[in-house]
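Letters A, B, C and D mark the chains in the order given here, with residues in each chain numbered from 1 onward.
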Amino acid sequence: MAERESTVAHGPEHGLERMIFFSDAVFAIVITLLVIDIHAPHLPFGSPDRDYWISLINLGPEFLGFFISFFVIGFFWAGHHRAMSLASHYSPRLIFPNLMLLASVAAMPFFTAFASANPMMRVPIFCYCAWLLVAAVLNRRLQAIVTHPPVVSETASPELIAVTRERGTAVVLGSLTAMAVSLIVPWLGQVALCTIPLWRLALRRFAGRPR
Amino acid sequence: MAERESTVAHGPEHGLERMIFFSDAVFAIVITLLVIDIHAPHLPFGSPDRDYWISLINLGPEFLGFFISFFVIGFFWAGHHRAMSLASHYSPRLIFPNLMLLASVAAMPFFTAFASANPMMRVPIFCYCAWLLVAAVLNRRLQAIVTHPPVVSETASPELIAVTRERGTAVVLGSLTAMAVSLIVPWLGQVALCTIPLWRLALRRFAGRPR
Amino acid sequence: MAERESTVAHGPEHGLERMIFFSDAVFAIVITLLVIDIHAPHLPFGSPDRDYWISLINLGPEFLGFFISFFVIGFFWAGHHRAMSLASHYSPRLIFPNLMLLASVAAMPFFTAFASANPMMRVPIFCYCAWLLVAAVLNRRLQAIVTHPPVVSETASPELIAVTRERGTAVVLGSLTAMAVSLIVPWLGQVALCTIPLWRLALRRFAGRPR
Amino acid sequence: MAERESTVAHGPEHGLERMIFFSDAVFAIVITLLVIDIHAPHLPFGSPDRDYWISLINLGPEFLGFFISFFVIGFFWAGHHRAMSLASHYSPRLIFPNLMLLASVAAMPFFTAFASANPMMRVPIFCYCAWLLVAAVLNRRLQAIVTHPPVVSETASPELIAVTRERGTAVVLGSLTAMAVSLIVPWLGQVALCTIPLWRLALRRFAGRPR
C-alpha cells in the first residue's frame, strides 16, 4: 500500500500538484515582499508626537500602493487557484506559460515601488497599469491552456470554465481601461482598476448569462 | 485509481487546502522577514571586544521587537491553524477575509521596525498595538466565517468551536488593552499584550467553562 | 484508517515528499528575490515624463538580468521537478547533494546582481556563467543519484531516464560554452546559454534517438 | 469518499503536517535570505579585470559565512526532518517549542552577517557559536518532545529514536566546543563545528553502538 501510494504521489499526475505549489509559493513571497519597500521612519529620540504622525502620513502613498498591489496580486492568486481547480492532467506545455505569468507577478513589487515613490506622476502609474496588462494577458493565456484538453478535468463544468475565462478577460479589459485613463488623468489610473467587476458584468450579459 | 485520486486532489474540496497552504507561506515569510530590519554592526577591524558588545547592546530594542513580533505572528499562525482545522468545506467567501487578515499580518514588519527604531515613544508603540488590533479583528472575523456553515466541519466539536472563538476574542481585548495602556505609559504597551491569557481566562469564566 | 493514513504520511516514504517541498520553496524564494536588487528610481516631484522614461531605460541591464536569471532558475526548477518525478524511494544520501544544488541556486541572485551592476564587463559575466556551470554540475550529479537505485522508481521508463540525464548534460555543456564565449566576447556570454537546446539535440542524435 | 478524505485531511491529525510545512517554509526562507547580505560590488564602467577579481576576493569572508550558515541551517532542517518522521500524533504542546526553535533559526542571518562583516574578531564569532548553541539546545528539546509519547509514532524503531537524540546532543556539544574555541582562537571557532561528527561518534561508542 505504502509503495502504491508513493508511486501515485511522485508519478506524472503529481506534476500538476507541484506546479501549483511552486506558483503558490511565488505568489505568497511576492505579496509579502511588497512591504519591504516601505521603510520605517526613524526620528530623533524625544521628537513630539506630532512629528511621528506626520512621518506616517507622508508614507500614505506607499501604504496605498502596498494595499492596492496586495489585493491585485491576491486576486491574481485567487484566479490562478480557480483556474487550476479545473485542471486534472499535467502537461509539460504548462511550464513555460506558468513561468511567464510568475515572472510578471514577481516584477510587480518593482512597479509598485516605482509608482509609490513618484505619486501622482503619469509615467510610473502608466507603467504600473501597463505591466498589470502584461500579467493579465499572460494569466488569460494560461487559463486558456488550463481550460482546454489535454489539461482540463473531464468533470469540470462548462459553466465554471466559461466564468473563469470571463474573469480572466475582465482583468485584461480593466487593466487596459486603467492604462488608458492613466494617460489622461494619472491619479485616476489605479482607481480605474475598479472597472474590472463592471467588465465582468458586461461580459456576463454579453454571453447571455445574466446572473 | 490514479485518475480518481487526482480528481479528488484538484477538485473543489482542494480549495481549502490551497488557501491554508498559501496562508502558511505568507505567515512563514512575514515571520522570517522580521530579522531583515536588524542590520549587523560593522566595526573597524581590530576594535576592542567591548565595542562589539556595546554595538550589540544598542540593538537591544530591535531584538526585543523581533522576538515580540515573532511570537505574536507565531500565535496568529497557530490560531489560524486551529480555526482552519475546524473547517472542511471550501467557500469562495473565505478568499477576501483571509486576504485581509494576511495583508494585516504582512504589514506587521513595518510596524515592528517603526516601534523598534523609535523605542519608548508613544506614537510608534500606539500604532503597533492599534495595528495588532486591526489584525485581531480581521482574525476574529475569519474565525466566525470558518466556524459557521457552510465552511465548518460537521464533525467539529461545539466545545472546540467555542474555545477557538474565545481565543480570538481574547486577542481583540488584549490588543485593545495594550493600545489603551500605550497612550498612558508607552513602554508598558507591548508588555500589556500579556493580558491576552487573562482575557481568555475571564471569557472562559464568563461562559461558565471554568477549566 | 486515520491512523494508517497518518503513519504513511509521516513514515520514511514521506522523506522524499518533504525534500521536494523544501527544494521547491528554496527555488520559489530565490526566483522572487531576484527583483529586490532592482531599485525603483525616485525622481523630484514634477519631473517631465521624459526623465521617468530615461530612468527606466537605464535599468535595462537590470531587467534583462532579472529575466535571464528568472528563466534560468525556472528551468532548473523544472529539471529538478522532472528528475524527482522519476524517484520513489527516499535515501539519506540525497540530502547533501540536494543541499549543495540549493546552495548554488541560492547564490544566483548575487551573481545576477554582479553582472547587472557591471554590464558588458568580462569578469562579472564570466563569473555568472562559471557559477551556472557549478549549479549545472551539481544538478547533473543529483540527477545521477535520483535516476539510479535505490532512489529511482521501478516504474520509471528507461527512455524518460535517458532524456532527463541528457537534459542535465546539455545544461553543463551549454554553461561551459557560455563561459568560454564570455572570455572572448563578454556580452555574448549570456546569449550563448541559448546553445543549451542545441546541445540537447546533439546529445539526442549521438545517442541514436533522433526524435 | 471525497467527504471522508477531506475530513481526514483537515482533522486533528493534519496538525502535524501543517506544523512541519510551516517549519519547512521558515527553514527555506532563512537559508535563502542569507545571500541577501552579500552586496554585489559595483565598479566604474571599464575598470580592469583585475579590480573585479579583487572586489570578489574581498567578499571572501561573506561567501565563507554564507556557505557555513547554509549548511548549518540545512543540517538543522535535515535533523528536524528526521525527528518529525518519527512523530505521528499532533499535540498542541509542540507549537511553542517549535516556534522557539524557528525563532532561533530565523535570527541566524543576523549572526552570520555580524561574523562576516567583522571577520576574525572574537566577539562576533563567539556570538555566532553561542547562538548556534541556543538553537541546538532548542532543537534537542523539541526532539525530546517528538520522540516521547504522546507525539512519537508507535512504529518508530527505538534504534532510530536513539540515533536521532544522539545527533541532537552532538550538535549541542559541537556548538559548545566551537564557543569555547572561539574565546581562545577566534578564527578557529567556526572550524570547530567540524567536531560535531566526532561527538556523534563518541556518543555512539559511549552508548555501546559502535557502528
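Throughout what follows, a contact is a pair of C-beta atoms (placed from the backbone, for glycine too) under 8 Å apart; a residue touches a chain by one contact, two chains touch by 3 or more.
Note that the structure is predicted; figures quoted are calculated from it, not measured.
*Asks:* What is the graph distance from subunit A to subunit C, where chains are linked when they touch?
*Replies:* 1
*Asks:* Going by the stated contact rule, which chains contact subunit A and subunit B alike?
*Replies:* none
*Asks:* Let me check something: if the centre of a chain is the mean of its CA atoms, which chain is farthest from subunit C?
*Replies:* B
*Asks:* For the copies subunit C and subunit D, give the interface type as same if over half of its residue numbers appear on both sides, and as different if under half do.
*Replies:* different
*Asks:* Once you find the CA centre of subunit C and the CA centre of subunit D, what distance in Å lies between them?
*Replies:* Taking the mean C-alpha position of each chain, the two centres sit 24 Å apart.
*Asks:* Taking each chain's centre as the mean position of its Cα atoms, how many Å separate subunit A from subunit D?
*Replies:* 34
*Asks:* Which subunit B residues reach two or more other chains?
*Replies:* 11, 21, 25, 29, 33, 36
*Asks:* When you check every pair of chains, which ones turn out to touch?
*Replies:* Pairs of chains that touch one another: A-B, A-C, B-D, C-D.
*Asks:* Looking at the complex, which residues from subunit C come into contact with subunit A?
*Replies:* Within the complex, subunit C contacts subunit A at residues 8, 11, 13, 16-17, 20-21, 24-25, 27-29, 31-36, 38-43, 45-47, 49, 52-53, 56, 66-67, 70-71, 74, 77-78, 81, 84-85, 87-89, 153, 155.
*Asks:* Within their complex, state which residues of subunit C touch subunit D.
*Replies:* Those residues of subunit C that touch subunit D are 1-3, 5-7, 9-12, 14-15, 18-19, 21-22, 25-26, 29-30, 33, 36-37, 95, 99, 102-103, 106-107, 109-111, 113-114, 116-118, 121-124, 127.
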